[in-house]
Amino acid sequence: MIDRWIWRLLPWVPAAIALLAWWAWFAIEQPPASVMPSAFAVIATMADLAFGGRLPGDILASMARLLGGSALGIVTGMAAGFVAGLNRPIADFMNPLVVFFNAISGIVWLPLVIGWLGIGSPLAIFLIWNTVFFIIFQNTVLGVQLVPEVLELGVQSLGGSRWETIRSVTLPGALPYILSGIRSGLGFGWRALIAAELVGATTGLGQLIFSGAEYHRADIIVGGCLLIGAIAMAMDRWLLLPIEKRTVIRWGLVATGQGR
Amino acid sequence: MADKIEVSGFRHYFRTETGSVQATGTIDLSIKAGEFVTLVGPSGCGKTTLLKAIAGFLTPSEGSIVCDGKQVRGPGRERGVVFQELAILPWRTVRRNIAHGLEIARVPKAEREATVARLISLMGLGGFEDRYPHELSGGMRQRVAVARTWAADPEVILMDEPFAAVDAMTRLTLQEELGRLCAATRKTVFFITHSVEEAVFLADRVLVMTKRPGTVKAELKVPRSAAGGRDWDSFTSDPLMQKIAGDVMHLVHAERV
Amino acid sequence: MKPLKTLIPFAVLVAVWWGIKAGADVPDKLLVAPLAVWASFTGLVSHGILAEYASASLRLIGTAAIISFVIGVPLGFAVGTNRYAARALEGTLRFLQGISGIAWLPLAILWFGFSQTTTLTIVIYTLIVPIIFNTMTGVRAIPDNYALALQSLGAGRLRIVRDVYLPGALPSIIVGMRLGMGYGWRALIASEMLVRQGGLGDLIFGARTFGQIDRIMVGMVVIGTLYIVVDRLLVQPVETLTVARWGVLRR
């Protein structure tokens, strides 16, 4: 019985230890607020920012950019991926280009694009789209190419047209890899978002953290980081996992993809 | 009775990096409507290549294949195929897989559901209608594959060693079920296999192929028994059946490498 | 033959680029012609500037990689072989992986100032989390039977680690390294952009201040090429060698 409880509580142990250590260090060392805030200070500050402060606006701005850029990246990546996946010559032609542009995706474009789009949301959305597109594209191509040919032949022998084959075989068949790509893509997209907001934005969680650095407010920085982690986990758990459950997990197909 | 399928002068090569590989020798055969013809031969003799050509999945290097008086130019619903590997869609339930051919043919919903229900009971899939393929055993999956093809109601059915990956016990059951199904639904069936026993058990006519590059070297007729398909008990105790099986075995063994 | 096939798409791209610049009237502050970029590249190379910035970045990621590997792998092993430790740390590692290294940059700047130490810390953090995580999962994926079999052959603990756990987890570790390098390289560039203490990120961000689009583009191409070279010529062969020879644990 005790064993079961231990098992259930274990995942929280590191957080508990960290919290204890943090509190202990703070009590003993009494570092200035600019180096390390107390846990209470962080909570207080975050609550302050949340209710009546800039936090809701920042979260909204960041999420809007992330979801906007990602949605764009997913749609364009899937479309291009299907075209390339179904068409070997196109895929062979695009592959070196995609590998190269994937290597410079995201933040590397910032100095160039900031001249085209200025700072703010368009910049962030471009960088996120850029990051997500290449990952989704590669995974979609892989997924399409890996659909077992026998499944397509089966549908053709039932009289299915090319369109029917794409709709009922290729699309669901490529889904495991596409979802894996979306998962990776969102992860990289988050990073691109934060980096973009650190340098080129006036609102958003990344900018919040950066302002914390400018004003020597370590409490804002720590609080912001923890919030980012929490949102990332929430997205994975409440957004991606349900989709995976209803599709690839239910069908008994799980895959590992590229771009990670 | 007119020939349902006519294969004339069929020969096929595959192009590889090192030149062309001959997949089959020259083959001529014909299948009449309503016949169950099995083709048995050693590995690599080209039986699957021949089946794929009849199905329309590849274009013959030489020769022609005619089905119902028309040249075969590609796959089509008049020639259903049951594959050896899993070809039913993993993301559709049993029910929806069986219905797929009917969906494609735009059969109205009520009729579709009736046909699917009929096949589910015929193939013994009751209780599994809403399961996904990965939840089923190999034998059940092949039952679904057969049901799917039968539901689409093609006149010709091509089967590529459909029971090869199924365990021995289930295989015997499936063979009997297939026999019953064919007795009930007058189809023209072309069935290729490794197993001599299976070939003779199921067939009206057995064709034996040589080793690579294969040609048809012999043909044995198997008299139809009582209506309702054969069963293994009477098959193994019937001297005529055993003799035919023995003859076929002899012919196949002569092709051993 | 194969290298040619790889180069043709780029040739087409450069041709299109040249066409756009020459045809449409695109101002220099938006897009620069291929030839100008080439001239900038040769200039930077001949003055040794490119070598200086590039080697700073490479040195940093190399150092971070070694440190992360040396600390992360044993840590991952320790955690992976102990069920309770794994259960305790798994969620936390996932959480930390969600907070990208870059998010900690402002804090690092507060502690270490605008220095290479800051960048190094961030990159190590970014690299080490996937390495620990993947080492852990790699070790846990090894069937118990392997170790048991060796025990009944009389092997001691160290031998089992050497003959079972190390090779067994290696493919997963390599994958973790590749993953980490991907994150790490990007974190490196981003950090260099903010900290401005050398490295390719500094180069391209600094060029922005002076409107030197040609320099920016040279930097971008170098960044991409270096990443591909490091990944394809260094990390991937190791992955192929281990995963391909030993088959398995993934895909």
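Note that the chains take the letters A, B and C in the order they are written out, and that residue 1 is the start of every chain.
By our rule, a contact is a pair of C-beta atoms (placed from the backbone, for glycine too) under 8 Å apart; a residue touches a chain by one contact, two chains touch by 3 or more.
For clarity, every value in this text was computed on a predicted model and none was experimentally measured.
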item	value
Chains most often in contact, by C-beta pairs	A-C
Most centrally placed chain - per-chain CA mean versus overall CA mean	A
Most remote chain, CA-based centroid, reference being chain C	B
Distance between the centres, which are taken as Cα means, of chain C and chain A, whole angstrom	18
Centre distance in Å when chain A and chain B are each reduced to the mean of their C-alpha atoms	49
Centre-of-Cα separation between chain C and chain B, whole angstrom	53
Junction residues of chain B, two or more chains touched	none
Chain A partner contacts - residues on chain C that touch it in the complex	5-10, 13, 29-30, 84, 87-92, 94-100, 102-107, 109-111, 178-179, 182-183, 186-187, 189-190, 193-194, 204-205, 207-208, 211, 213, 216-217, 219-221, 223-225, 227-228, 231, 250-251
In the complex, chain A residues that touch chain C	6-7, 10-15, 34-35, 92-97, 99-101, 103-104, 106-112, 114-116, 187-188, 190-192, 194-195, 198-199, 206, 209-210, 212-213, 216, 218, 221-222, 224-226, 228-230, 232-233, 236, 256, 260
Touching residues (chain side chain A, partner chain B) in the complex	148, 150-151, 153-160, 164, 168-169, 172-173, 175, 247, 250-253
Chain B residues touching chain A - in the complex, by the definition given at the top	55, 57, 74-77, 79-81, 83, 85-91, 100-101, 104-105, 132-135, 145, 148-149, 152
